[in-house]
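Shared chain: subunit A. Partners: subunit B in the first complex, subunit C in the second.
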Partner chain A sequence: MTIREKIRSFIGANLLVSGEDEEFSDADNLFQLGYVNSLFAMKLLNYVEREFDITVDNEAMDIRNFSSVLNIVSLVEKIRQT
Partner chain B sequence: MTHLKEVKCVVWDLDNTLWCGTLLEPGDVLLRPGIREVIAELDGRGILHSIASRNNYQDAMGKLREWDLHDFFLYPQINWGSKSESIRLIQEKLNIGMDTIVFIDDQPFERDEVSESLPEVETFDASTYLDLPALTRMNPRFVTRDSKQRRIMYQEDMQRVKDEEEYIGPRESFMASLRMRFIISEAEEEDLERAEELTVRTNQLNATGRTYSYEELYALMKSDHHKLYVCELTDRYGSYGKIGLALVEMQADHWCLNMLLMSCRVMSRSVGSILLSYIMQRARQDGKKLLAHFKQTDRNRMMYVTYRFSNFSELTNDGHGNIVFANDLSQVQGFPPYVEVMTPGAAGFPHSQA
Partner chain C sequence: MTDSLQDRILAEAKDFADREIRPFAAVFDKNQGISRDLIGKMAERGYLAPCLPRLYGGLELDALHYGLFTEIIGKACPSTRVLLTVHCSLIGETILRWGTMEQKNRILPELAGGRRLAAFALTEPGTGSDAKNVQTLYRQQGDHYHITGKKKFISLGAIADLFLVLARGAAGEVTAFLIDRNSPGISIEPMTGLLASRAAYVAAIGFSDVCVPAENVLGKEGGGFTFIVNTALDYGRYSIAWGGLAIAQESLDVMVAYARNRKQSGRPIHTFQLIEGIIGDGVARVEAARSLCMHAARLRDQRHEDAVIHTTIAKYFASRAANRLASDAVQVHGGNGCYDEYPAERLFREAKVLEIIEGTSQVLQAVIAEYGLRKFYAGPSIKSTSL
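What follows is the complex of A and B.
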């Protein structure tokens, strides 16, 4: 699986969405799509760090970096390059 | 000298500790005199009990059931593994700090094995069991309604987890089926003992880690420039008790969140952001910006993430973990659909006691 696919499937399985079986695109804003609570945020962060063997520091923890699948992918790629 | 934390859980050995004799050997085992009273006394103070014993699970639980003691013990580990491994499991299940667990066993070998792997766990010889209630670490400053109910609340939670595991269907609908109610209110005098207790006991979901005494909280509650919020969570299984606390300082042009904390017990219920969302909403209604004090530790990352994902950014950071967050409140999340949130002054809110 690519980074994108992994992140998509993690979000599909963990984000609490109000509608049923809502489809989401890679550019959709997660914060509008479902309810982002602290538990989801922490799980997402742990997943990204473990799965891609990176550390997200304080600076990178900006809400924009996590607002869509695309943004998370580019964050992971950016951290991996440094 | 290290400062020892208030004890949250006592882990008991069974053979020749809780009872005299060895269960798997011939002859009857006898409950140690006065031990029921010790257990009940600590339970009443909100201190939990568990078991780490090398025994046959069914036999040992059967014995405890005979004496009607089984209900006191949460996540009893009765198996043939090491005691340190059992304690590790108990710690994980209860989601409490290792430095708040003590272990009591008659065998020096077992105590040493635990001390070796888990140096934060204080160990006691079985013969000292009658002295436990008098220890400073076993005497919380206040015994609140929440502490008396603590074991029951954990037991309700075990039922929830079991039902959740057995639930078939999407997680959202399970959450909705809990019929959770999150009740935010301005603290009253009767809440203050519990509020102090929360500031002392909470580590992971705690923004500043600062503890507040009853007297300080009383002054803040009476202050015109502060708002002290407490919140309670209930669902169809019962109440989780008062599980959250926030202190807001109201300045002319901004609000400042001096303290925000939430009990770890509700971590799995996805309600951790509700109180913060509420305060953001209120500050915005008031036309104020919102600042928040934060002290970063190696244990409260979840709280850091909560702030950042609620669109707070670091205004200042002294490099030693002392952070001031700022939020322009351009993006404020509503409440989650699976929880009914009751706020001060809202219709139907039980504002004053009749």
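What follows is the complex of A and C.
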């Protein structure tokens, strides 16, 4: 699986029940759509650090980096390159 | 660090708690303050930073051993355990996770050595569970920020040297600030008349145009709720889970001791089946709470993505178990359970607050239900589209 597929799969498995019949694109802001709650940011953080063996430092601590599939993929790739 | 070294630290902590903490727990409660002498002794042994790296003066316990350490201290005195939950978990671990290198190097050794005590200033007179809506405000002026507002129910607030303060900016974004107690514009009002944590120096803190340099922002501006508060409360919940287990276990211990020694109608009360029923339920609840705490610990040590929800489950269950066990301990003690000559009365009071702080049981039920509604639903898969 690619990074994007892994992240899509992880997010899909964690949508709030009220959002499960909705569709989301890779560019959608999941927090603004209400598909995930703020605790999900923590879970997502733990997931990307563990799954991709990276450490997200406080410079990257911006909700925008976690708000969509595309932004998370971009964050992971950026950290991996440094 | 090896398990045997960590186990040795726990054995020493148990001896310390039995000698220096438990005999004075009722006195601290009555005097409305754990002794500063005790805080000093804990600092000397690294007990104010058991989970921080040795680099910063901590004991570097892993999550499991830190939990067991918290249980040892919390069994001896719940108010003393507050030092771990607030000073070490809510502040120390959060700075370790999100602080800049400069902040870590400057602050963590001071916290570990007890040269500064820290408090977490989130709750306000009008803001509890809805923590996103703090009313304390900040505005930026050059390379400084100015904070104005009021915080309430701040554990250790009356003696803390450093506050982690959550405030709201003009656009509604929440930011975390590290603020020195001596900053002009801070007022501190110790709170008395509390049900629990009477010895934990709970206070209301006022901020009147308090000036904070930009280097004292923790994390990024606007990341205060999603990252700082959620991280801190996750650490805090883990600590409270073990604090709940501590009260549950201590309640069971005092209940068993009383039931074996107290005689009515010419025989020890533990021989009455209805008392046996209470004790049997208590043992089962303590073991269940312990299993949940241990499971959360293992997931945290693995940095597993489900560590947060399992910590929430452990906190929810252990805090409720603490209340049930403490209530049953009072029941088994009868009239003596309603009198402060016995610890059951204090445990009963101390247990209640654990169902309120770091997420009320009702908020946690909703969070756990959301998790369950996903995890245990075997229905159709969620539709999605790709770009």
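In the analysis below, the second predicted complex is superposed on the first by the 76 of 82 C-alpha atoms of A that agree within 3 Å, B and C clash if a C-alpha of one lies under 4 Å from a C-alpha of the other, contacts with A are read in each partner's own complex, and residues count from 1 in each chain.
One rule holds in what follows: a contact is a pair of C-beta atoms (placed from the backbone, for glycine too) under 8 Å apart; a residue touches a chain by one contact, two chains touch by 3 or more.
Predicted model, so just to flag it, every value in this text is computed and none were measured.
Asker: Let me test your reading of the model: by the given contact rule, A:41 touches which partner, first (subunit B), second (subunit C), both or neither?
Answerer: A:41 sits against subunit B and subunit C alike.
Asker: Which partner does A:74 contact after superposing on A: first (subunit B), second (subunit C), both, neither?
Answerer: neither
Asker: Once chain A of both complexes is superposed, is A:49 in touch with subunit B (first), subunit C (second), both, or neither?
Answerer: second
Asker: Once the shared chain is lined up, is A:8 touching subunit B (first), subunit C (second), both, or neither of them?
Answerer: A:8 contacts subunit C only, not subunit B.
Asker: Would you sort A:24 into first (subunit B), second (subunit C), both or neither based on which partner it touches?
Answerer: After superposition on chain A, A:24 lies in contact with subunit C alone.
Asker: Comparing subunit C with subunit B, which touches more residues belonging to subunit A?
Answerer: Larger number of subunit A residues touched: C.
Asker: Output check: A:62 vs subunit B and subunit C. Expected answer is one of first, second, both, neither. What do you get?
Answerer: After superposition on chain A, A:62 lies in contact with both partners, subunit B and subunit C.
Asker: Once the two structures are superposed, pull the subunit A residues common to the subunit B and subunit C interfaces.
Answerer: Touching subunit B in the first complex and subunit C in the second, residues 16-17, 20, 37-39, 41-42, 58, 61-63 of subunit A appear in both lists.
Asker: Using the touch definition up top, name the residues of subunit A that touch subunit B in the complex.
Answerer: By the definition above, subunit A touches subunit B via 16-18, 20, 31, 35-42, 45, 58, 61-63, 66.
Asker: What residues on subunit C touch subunit A, complex-wise?
Answerer: Answer in residue numbers: 98-100, 132, 219-220, 222-223, 225-227, 230-231, 234, 302-309, 367, 370, 373-374, 377, 381-387.
Asker: Considering the complex alone, what residue numbers of subunit B touch subunit A?
Answerer: Counting only subunit B, the residues touching subunit A are 170-172, 175, 205, 267-268, 270-274, 296, 301-306, 308-311, 313-314, 317, 331, 333, 336-338.
Asker: Enumerate the contact residues on subunit A facing subunit C in the complex.
Answerer: For this pair, the touching residues of subunit A are 8, 10, 12-17, 20-27, 37-39, 41-44, 46-47, 49-50, 58-59, 61-63, 70.
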